[in-house]
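Both of the next two complexes hold chain A, though its partner changes from chain B to chain C.
After this line comes the complex of A and B, so read on.
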């Protein structure tokens, strides 16, 4: 036993898979300690906030400032405020005014602004241009001028008599240390379509998905193992009956069966555990078949005959004389079942047949939400890509462990 | 040397232990029908050392499985101590197996590699109704059994079977029989997987066991020389039938069946050139 474990942990493939899986599990346990709370809490009002650090504008305005003179501050400011669409519109204006834009790089802010101030005239109104467009260009021009002048921003307030008075002047050289701002939120993976913290959701979803995989794996392995052991060891009519049922389940595509069962259960009944059990109930056939064939090769071995001659009961022979010989095989099958259980949940949820949507996030549900709100078409990669990565990593690590175990155990299985 | 082993008892007068009438085993049906054992009759007496000799595929092992009650005969009747054998239920089988036990060919696959040696022997004590015995008494019984086969129990305790050599494992099997003390021991080629030195020891132990407990030993082998050396009665089996049987001296020194003659000529002799002529004769027939 000890020796086998040592052998297993000397297999590089198993160790690599084990480390990846252990890291995922550790993150699942440790992250909620640092970031507690409901993973489905909607912190954002809008959808798909980009990943990054969010600083409260209100608190920043009230915070004590330091004056820093940074040479490139103004350039950066202008460059960041001119959006790509603004730049395209500016080029559009040049074309209308018949200014040559050859060799102009729209990402070169300095050149663009020089050309703009030389060619823009607010009094010119090109033919056929809508009022809205004219006003847009005026606003754009004002913005550029304001940015270039580097003027302070005035914050006004009402005094006792109802007159506006200057309450605060924010100079372009004022800086706030983020540590002194009361509210700073770091969202490494932004928010999803409902304004929920994706990372927090992802960690919680990984936990749920692994739980679903484990339950599905345990259910499938238990059913498959029981049927396989009985059919293989007892044989005869029982074998025929069990194999008949197994064959029926094998020929009906299990995914179709899964869809039908989950659909007929209805939204209200579909908790994570129920979905996991259903997945387990539709995926045991493979385990049953392979366990049966292993048992058939074992049941006529001398040690089993000897055990019979010693008067041991069927249950004892199966548990003590047959099960230990196929245990490694069953563990490998179990690992594969867990992996396929997680994938099956993802597939089901992607179709909208996953666990109840208001209670827990799962990896499949996160993908389902991202797809429903077109995250893949509006460029919100953070809503679905990390989920795909985590699913792939879990599946990869489990399969890697399985391959490692296979290499360790197969020589002894072949004897 | 065979005279030393054999005591020339007339077993015909001894009570019957295991006998069969028209025992047949057929595998498959239709075109794939194979008759492994074909209407054989036999009478094994108490304390008799019987050898069943035949080449591979002659049905020896199938017959032994039927005798052990591990598989049912297709036709015919097996009588245990003169009465028809009844192994229809689990409890009746358990009762039958108190009377008949086996040693198998391959010691390496005879043990459950996940169970310690102690458990194998403890099982035997429990089966003989020794469940309520004290730890000390059980230990003494196991030590005695191991002494009988020249093993030291103190060295074996807490070891797994695969940590022993093939010869040691086969001797442990005999220790098991010593504890169980069945009426009949069926030894299915117990020496074919161990080396020559262990073979002599094991055969010697089987004979001692017979002499001490008076059990019937059914020794299944492909080696007619070995059968002649140790047995009282020899049954020669060819294609599922007993072609010749009788006292070992008569069958082997004055063989009547062609198959027996061939088996005898196939035994390699150290001081003579190996005579393969009978093989050709037989194949010409």
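After this line comes the complex of A and C, so read on.
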């Protein structure tokens, strides 16, 4: 046993897979310690807040300020406020005014603004331009002038008589240390369509999905192992019956069975555990088939025959004399079952047949909601891409482990 | 011919048996559930605005009669089989009054046209790459294997979303949704065909990419196994040209890959069906999705049955092809 383990951990593929999987598991355990609370809590009111650090504007406005004179502050300010469509419209204006825009890079804010102040004249009204467009250019010009002037922003409060009085003036050179702002929230992956913290939800969902995979894997392996051992060792009519059933369920797509069963169960009955068990019940055929063929090659070995002659019971022979020989194989099959179980849950959820949505997040449900709220077409990559990445990484790491084990136990496959 | 006849006879028998079991399962699984399906349906309809109690009562009686739920189970089964054989799957709830058979026959064309070529091409490219990786080994193998391994582990729907975002939304090379431009009515014209082809690209390549990964990994292991076989060593001792040996190895490694395809085709089709949803491709996957969201029971039942039949037929055809190319089946003729 010890020797086998050492051999397994010498396989680079197994180690790589193991490390990736262990890192995922570790994140799952450690992250909630730093960021406790309900992962389904809706912290955002809007949908799909971008990843980043959120500073409370309310607190920042009243926080003590320092004056910093940074040379590029104004340029940065203008560059960030000038949207891409504004820039395109500015170029459009230059074209109308017959200004050469050759060699002008619209991402170069300095050059663009210089050219703009040299060529824009609010009194000019080009022929054929709609009123809305003319007004748009005026607004744009005002905005640019305002940004360039660096006017202060006034904060006003109501006094006792209900009149507005100035309480604070914020100049363009005032800075607030984020440490002195009481409320700063770091959302590394933004929020989803419900305004939930995506990273927190993702960590919790990964845990649920791995649990679903494990349950599905255990159920499938137990059924497959029992059927395979019985069919292979006992043989005869039992073998025929089991193989008949197995062959049928190999051909009937498990995907279809899953849909039929989960749909019939109804939304109310579908907890994560139920879905996992159903997945397990529809994916045991592979294990059964291969265990059977391995057992058949083992059952006439000398040590098995010796056990039979010594009058050992069926259970004892199967457990003591046969199981150890196929254990490595069963472990490999189990690993694959876990990975396909996680995938099956994700696919079911995408079809709208996943676990009940209100209790736990799963990777599939996150994907399902992201798709329903068209995160993929409105550019909210943080809502779906991390989910795909995590599913792929889990499955990749499990498969790497499997390949590594395969190479250790099947010397012909070694490189 | 005796060997062939025996092989094909056995395969046909299996095909028929699995088909019958599939039909029975399709019939029995939804009926095993404790809830009364018709009550669930009428409950949904009542929730959608049919407030008139007598109308709900009439709807209830109508569906009870249509499914024959007031009759014993074996009569219900007979009715189910009879209707299915006539291609009559009832009327869709969500797209009333379209018959289910009409919805399915318009969707199945899209699914077959998308999946069959994509899976076949992916299988072919994957096998070639896998064999190449096994043969060249050093370097090439080291780069290709991890990439294929990772690719094969990206779920089909994930690949679909990534392709959609990269090529559809960001680069705007291809349209992102539907089987053809939404302002078109299907008809035979150059414009329509062009629109179909451009909408075909993203779903097609996303399925191809996913199948390449899985097949390449399997083929590589198979080829390495074969390259170490005794007959290869013997052939090398005899001084047979390398190219000829590779030919033998490839042929022998291909055989299990055909069986592998037959065994995994169900999973692949399932994955590709889910990928269809991402592109709102007008095939069976999207039909199933809309049926599930609208709780359209007749449509779900018919779609699952059709998908099962599709998978059964493909598996059967692959088994037949396997019989034709496997020398062991051929050898059985001379017994």
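In this text, the second predicted complex is superposed on the first by the 377 of 415 C-alpha atoms of A that agree within 3 Å, B and C clash if a C-alpha of one lies under 4 Å from a C-alpha of the other, contacts with A are read in each partner's own complex, and residues count from 1 in each chain.
Definition applied: a residue touches a chain if its C-beta (ideal position, glycine included) is under 8 Å from a C-beta of that chain, and two chains touch if they have at least 3 such contacts.
Keep in mind that this is a model prediction, so the values were computed, not measured.
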Requested in this report: Determine, for the superposed arrangement built on chain A, whether chain B and chain C clash or fit.
Outcome: fit
Query raised in the report: So, does A:302 touch the first partner chain B, the second partner chain C, both, or neither?
Result: first
Report summary line: Here the angle between the directions from the C-alpha centre of chain A to those of chain B and chain C, rounded in steps of 10 degrees, is 60
Query raised in the report: First (chain B), second (chain C), both or neither: which does A:401 touch?
Result: neither
Query raised in the report: For A:220, is the partner it touches chain B (first), chain C (second), both, or none of the two (neither)?
Result: neither
Requested in this report: Could you tell me if A:320 is touching chain B, chain C, both of them or neither one (first, second, both, neither)?
Outcome: first
Report task. Considering only the touch criterion stated at the top, classify A:377 as touching first (chain B), second (chain C), both, or neither. Result -> second
Requested in this report: Quick one: classify A:250 as touching chain B (first), chain C (second), both or neither.
Outcome: second
Query raised in the report: Which partner does A:367 contact after superposing on A: first (chain B), second (chain C), both, neither?
Result: second
Requested in this report: Figure out whether A:388 sits in contact with chain B (first) or chain C (second), or with both, or with neither.
Outcome: second
Query - Per-residue contact with chain A, leading partner among chain C and chain B - result: C
Requested in this report: Scan A:261 for contacts with chain B and chain C and give back first, second, both or neither.
Outcome: second
Report task. Working from the superposed arrangement, determine the closest approach of chain B to chain C, counting only CA atoms, in whole Å. Result -> 10
Query - Shared chain A contacts, counted only where both chain B and chain C touch the same residue - result: none
Query raised in the report: What residues on chain C touch chain A, complex-wise?
Result: 14, 17-18, 21-22, 25-26, 29-30, 32-33, 35, 40, 137, 141, 149-150, 152-155, 157-158, 161-162, 164-165, 169, 176, 217, 221, 224-225, 228, 263, 266-267, 269-271, 273-274, 277-278, 288-289, 292-293, 300, 304, 307-308, 311-312, 315
Query raised in the report: Okay, in this complex, where on chain B does chain A touch?
Result: 68, 70, 90, 93-94, 97-98, 100-102, 104-106, 109-115, 123-124, 127
Report task. Using the touch definition up top, name the residues of chain A that touch chain C in the complex. Result -> 247-248, 250-257, 259-261, 263-266, 339-340, 343, 346-347, 350-353, 367, 371, 376-377, 379, 381, 384-385, 388, 391-392, 395-396, 399-400, 403, 406, 412-413, 415
Query raised in the report: chain B touches which residues of chain A in the complex?
Result: 301-303, 305-314, 320-321, 324-325
